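Okay, so chain A shows up in both of these, paired with chain B first and chain C after.
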Partner chain A sequence: MNIQLLEYALKYLQRNFFKNIFIFVVLTLMTWLLASMFFITNSMKYELNLTLDTLPDIILQHKKGGISSTIDESISMQILEIPGVESSQPRVWGYYYFEKAEVYFSILGIDEFEKQNRQTLLNIVDTQNIESNSMIVGQGVAKILEQNYYKEYFNFIKEDGSVMKVYIGGTFKSQTLLESNDMIVMDKNSVRDLFGYASGEATDIAIKVTNKLEVPTVALKITQNYPNLRVLTNEDIRVSYENIFNYKNGLFLALFVSSIFTFFIIVYDRLSGMSSAQKREIGILKAIGWRVEDVLKAKLYESLIISIFAYLLGIFLAFSFVYLLNAPLLKDIFIGYSQMKPAFELAFLVDFQTLFLLFFLSVPIYVIATIIPSWKVATLDADEVMR
Partner chain B sequence: MSRRITFLFFSFVAIVSLLIVEMIYLAIFHSLDEKDIQMKSSFSRYIGLPNLAITNTPSLRHASLNSVFDIYSLDPVLREYDKGTYVIFMKKDF
Partner chain C sequence: MIQVINLSKSFKDGVDVLKNVSIDFKEGELVIIKGKSGSGKSTLLSLLAGLSKPTSGEVIVDSKHISKLPDHFSSAYRRDNIGIIFQKYNLIPDISVKENILLPLVPLNLSLGEINNKALNVMKLFHIEHKANELVKNLSGGEQQRTAIARANVANPKIILADEPTANLDEKLSLSFIEMLKQMKSERKTIIVATHDPLFFDLDFVDRVIDFDS
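Entry: the complex of A and B
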């Protein structure tokens, strides 16, 4: 590194302070905006994909007129006969609209708290006393119920219009807030009663396959045996997760395009030529003995100082904005409007691919945009440039 | 070394240090630890339903289990769950 040239580059930046500070601010803002978008997407994707492997391998749904309908529980026993199927579990779940608070709760029925995976349940709830006639609710549900004076129990309105009183047995732990905020878990028969399901009816069937490589084969066999059922594999869910982000990223793309557009206006401004004062400066430098490579080196230092500092500051601000301030406004693009928003924090994740992408999108492009016009002028005769 | 170069050097060191300190802080206090991940996995395995509870609109809450037509069966006339729906929905004043 040539210290004298670096000193010259710094003096140049100081002489054109306001022009350079403007470019620095725009570059920093662009890096900050793009980095914030990528950080939010990455954290949300990470949260979603974290639990993907724990979900059932195949889910069977029944459609009537293209709309989800109840499924016959007896099908689950027939599914068990397919080689490779480890378990087949009919599930009863659905949504309950609490009109007073204008919110929907997701309600899942399980086979009596005492029998099924009691230890697992105890690990994820705040209470150790779970009665069979009570329900476990997410923290968002508990808050909404409390606001409406239901502190110990809740009166559900059943499908036939009668009232069903269920006691609140506990809440899910805060670590599961992003998954459990709107969930209510209670006895399967109670849920069946609430939704007005007939005996032997279920919402869907969850299937586990012993060898994960066999999932497509098992799914194919089910499709052939039951062409009236909708077969949804874990892979389909993964693809739907991707689609959610592709759609949401489309909204981000609008921001991305405007940032890139602004940046390229600066680049175009730089590439389209230099001012007569800048040209004269290069001409004088050449006249006093500077070589072309000296001029280019000085310009390289100048552009590197602006772009690297802008990049580092942009990334620093993006980390602070997304993970310390929890991305106000930008996060809402993903969450949207909801009466029962969980107050969750985005999980910190360093994605080096994103950091490299942003680096190569800003620093080299700006450096090239500075070097090329300087090179064009520096290769001319000093006499010709100064005239 | 001139004052300008010293200032540039220390500015660079300062911003890189700030970034590193911030990343270390976030990694310690704002990332999911093994216990959190275990808890989420246990919950998800127990419940067996996909998607996050960042919205409680039925057609979006378990979006990966829905088909296009479910939107209409789950939310008839698209009532009261989205900002845009207030354009077509007037709350009754009882």
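Entry: the complex of A and C
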């Protein structure tokens, strides 16, 4: 590397300080914004995929007046007789609104350890001992309860208005944070008691199918046999999650387009020409013996210094913003419903594809936008440029 | 050393600035080209430096056809052989005297010590070392000219081209420039000065005066 040429490039940047600092700030902000959005969506996708992988193959719900109602537990035994069904498990769950903190908790009841949930639960809970009057809570729930002085137990208000005291037995591990964050798991009968479900009633029935390719066939058979039930396959739920996510991605796209637009205004400004002083300087350099390639090298150094430092700073700020500060404001765009749920921490992920994409969206484009006008001027006769 | 053969230059607007000019310049010679504004003196220097291309004719320096060199090689030719002192000095105003003087050496990737030595030598030679760190835009006309002369000499070229070097100077500073010219001639450089300043016409160390008006 030619150190003197690098020094000249640095000096040039210093001489045009305000213009270059403006470009640097805009490039940094653009990289920060885009990187933050990518980091948030990557973390959320990661969380959602983990969650979707743990979903049952089919969920059966009962509807009354178009609204989900409780389902008779005994149907699960009849479902087991359908060829291909490995297990059929009635689930008891619901949402509990904690008024003081203005958040909803998802409460899931389990029979000791249900087969349907056991494996998943053992993988994601930091205790293996659940007492009948205790509950396992998500980390967000634990945090909110602690903030409200419920460190060992919580007093639920039951459906009939009376109080139900449940002890905190443990918390979920940090994996699957997005979905488990607002979750409380407790004994099935306790959940029935809390929500006022009658004995033998369940919220829905979770079905596992031995051969995953058979899921649509099994779902069709259930629909034919039980036309009063709503059949939701894993794929239906995945699509519904993705639809919500794609809607959020639309907002992402709007921010993305505005950032890119700003960037291209800078690029256009660079491409649309140089000031007469800048042209004259290139003419002088040519006249005193600089070759076109020397001029372009100096411009390359200039543009690389600005764009690479802006890129690195933007990425650093995005990492800090998303993973240290947990993306205040920006995260709410993507998980608006979090206002009704406990806040969750974004899982730390380093996705090199995203880093490369952002690099190629900013650095080479800026470098080219700087070099092309310089090249146009440098290839003219020095005499003509200086005149 | 320098052969100008049937050199012509016309501008885009159709004006013929030079028409079939032929001149030989010998090594170590100091030649004054005199003439009114628009007589083609500056254009000739520009063609000798390879800053522009002739419409027809040739410039040959040490058997090299300068006027036919592609841009890449004509820049390298200037860097290695030519020092130019422009009428308006053509310095970069917002960098220091020393940085301006060093500019021709930048692409050569020399060591910092070597580059500093060369700069210091020419700054001493042309009495501008006391302003080394001063920004050019803060210099007087005479100081700017000495900076331009130092820059033209820093790479130790064998040919010096000066275009109206005293046009912006008072008589005292013009005489000072003539002293510097003498110094450059004593170093066996081939010097071609385009000027209409009468101070140059009767100097005893000038080898030839070519009148472009005739």
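Just so it is clear, the second predicted complex is superposed on the first by the 227 of 387 C-alpha atoms of A that agree within 3 Å, B and C clash if a C-alpha of one lies under 4 Å from a C-alpha of the other, contacts with A are read in each partner's own complex, and residues count from 1 in each chain.
Operating definition for what follows: contacts are C-beta pairs under 8 Å (C-beta built on N, C-alpha and C of every residue); 3 or more make two chains touch, one makes a residue touch a chain.
What you see is a predicted model, and the numbers here were worked out from it, not measured in a lab.
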- Message: For A:Asp383 in the superposed arrangement: first (chain B), second (chain C), both or neither?
- Response: second
- Task: Using the touch definition from the top, say if A:Leu325 reaches chain B (first), chain C (second), both or neither.
- Result: neither
- Message: Contact-wise, after the overlay, does A:Glu47 reach chain B, chain C, both or neither (first, second, both, neither)?
- Response: first
- Residue contacts on chain A - larger count, chain B or chain C: B
- Query: Just chain B (first), just chain C (second), both, or neither: which does A:Lys286 touch?
  - Reply: second
- Determine, under the contact definition given at the top, whether A:Ile237 touches first (chain B), second (chain C), both, or neither. first
- Would you sort A:Phe309 into first (chain B), second (chain C), both or neither based on which partner it touches? first
- Query: Counting only touches as set out at the top, which of chain B and chain C does A:Asn2 meet: first, second, both, neither?
  - Reply: second
- Query: Thinking of the overlay built on chain A, is A:Lys11 touched by chain B (first), by chain C (second), by both, or by neither?
  - Reply: both
- Message: With the touch criterion stated at the top, can you tell me which chain A residues are shared between the chain B interface and the chain C interface?
- Response: 3, 11
- Note on the structure: In the complex, chain A touches chain C at residues 2-5, 8, 11, 15, 280-281, 283-294, 379, 381-384, 386
- Message: Please output the residues of chain C touching chain A within their complex, sorted ascending.
- Response: 46, 49, 51-53, 71-72, 75-76, 78-80, 82, 84, 86, 90-92, 94-95, 99, 102-107, 109-110, 112, 115, 151, 155
- Task: Please name which positions on chain B make contact with chain A in the complex.
- Result: 1-2, 4-5, 8, 11-12, 15-16, 18-19, 22-23, 26-27, 30-32, 35-37, 39-58, 60-67, 69-70, 72-74, 80-83
- In the complex, chain A touches chain B at residues 3, 6-7, 10-11, 14, 44, 47-48, 50-52, 54-56, 59, 61, 63, 65-68, 89, 91, 93, 95, 102-106, 108, 117, 120-121, 123-124, 138, 140, 172-173, 175-183, 185, 204, 206, 230, 232, 236-237, 240-241, 244, 305, 308-309, 312-313, 315-316, 319-320, 323-324, 334-342, 344-350
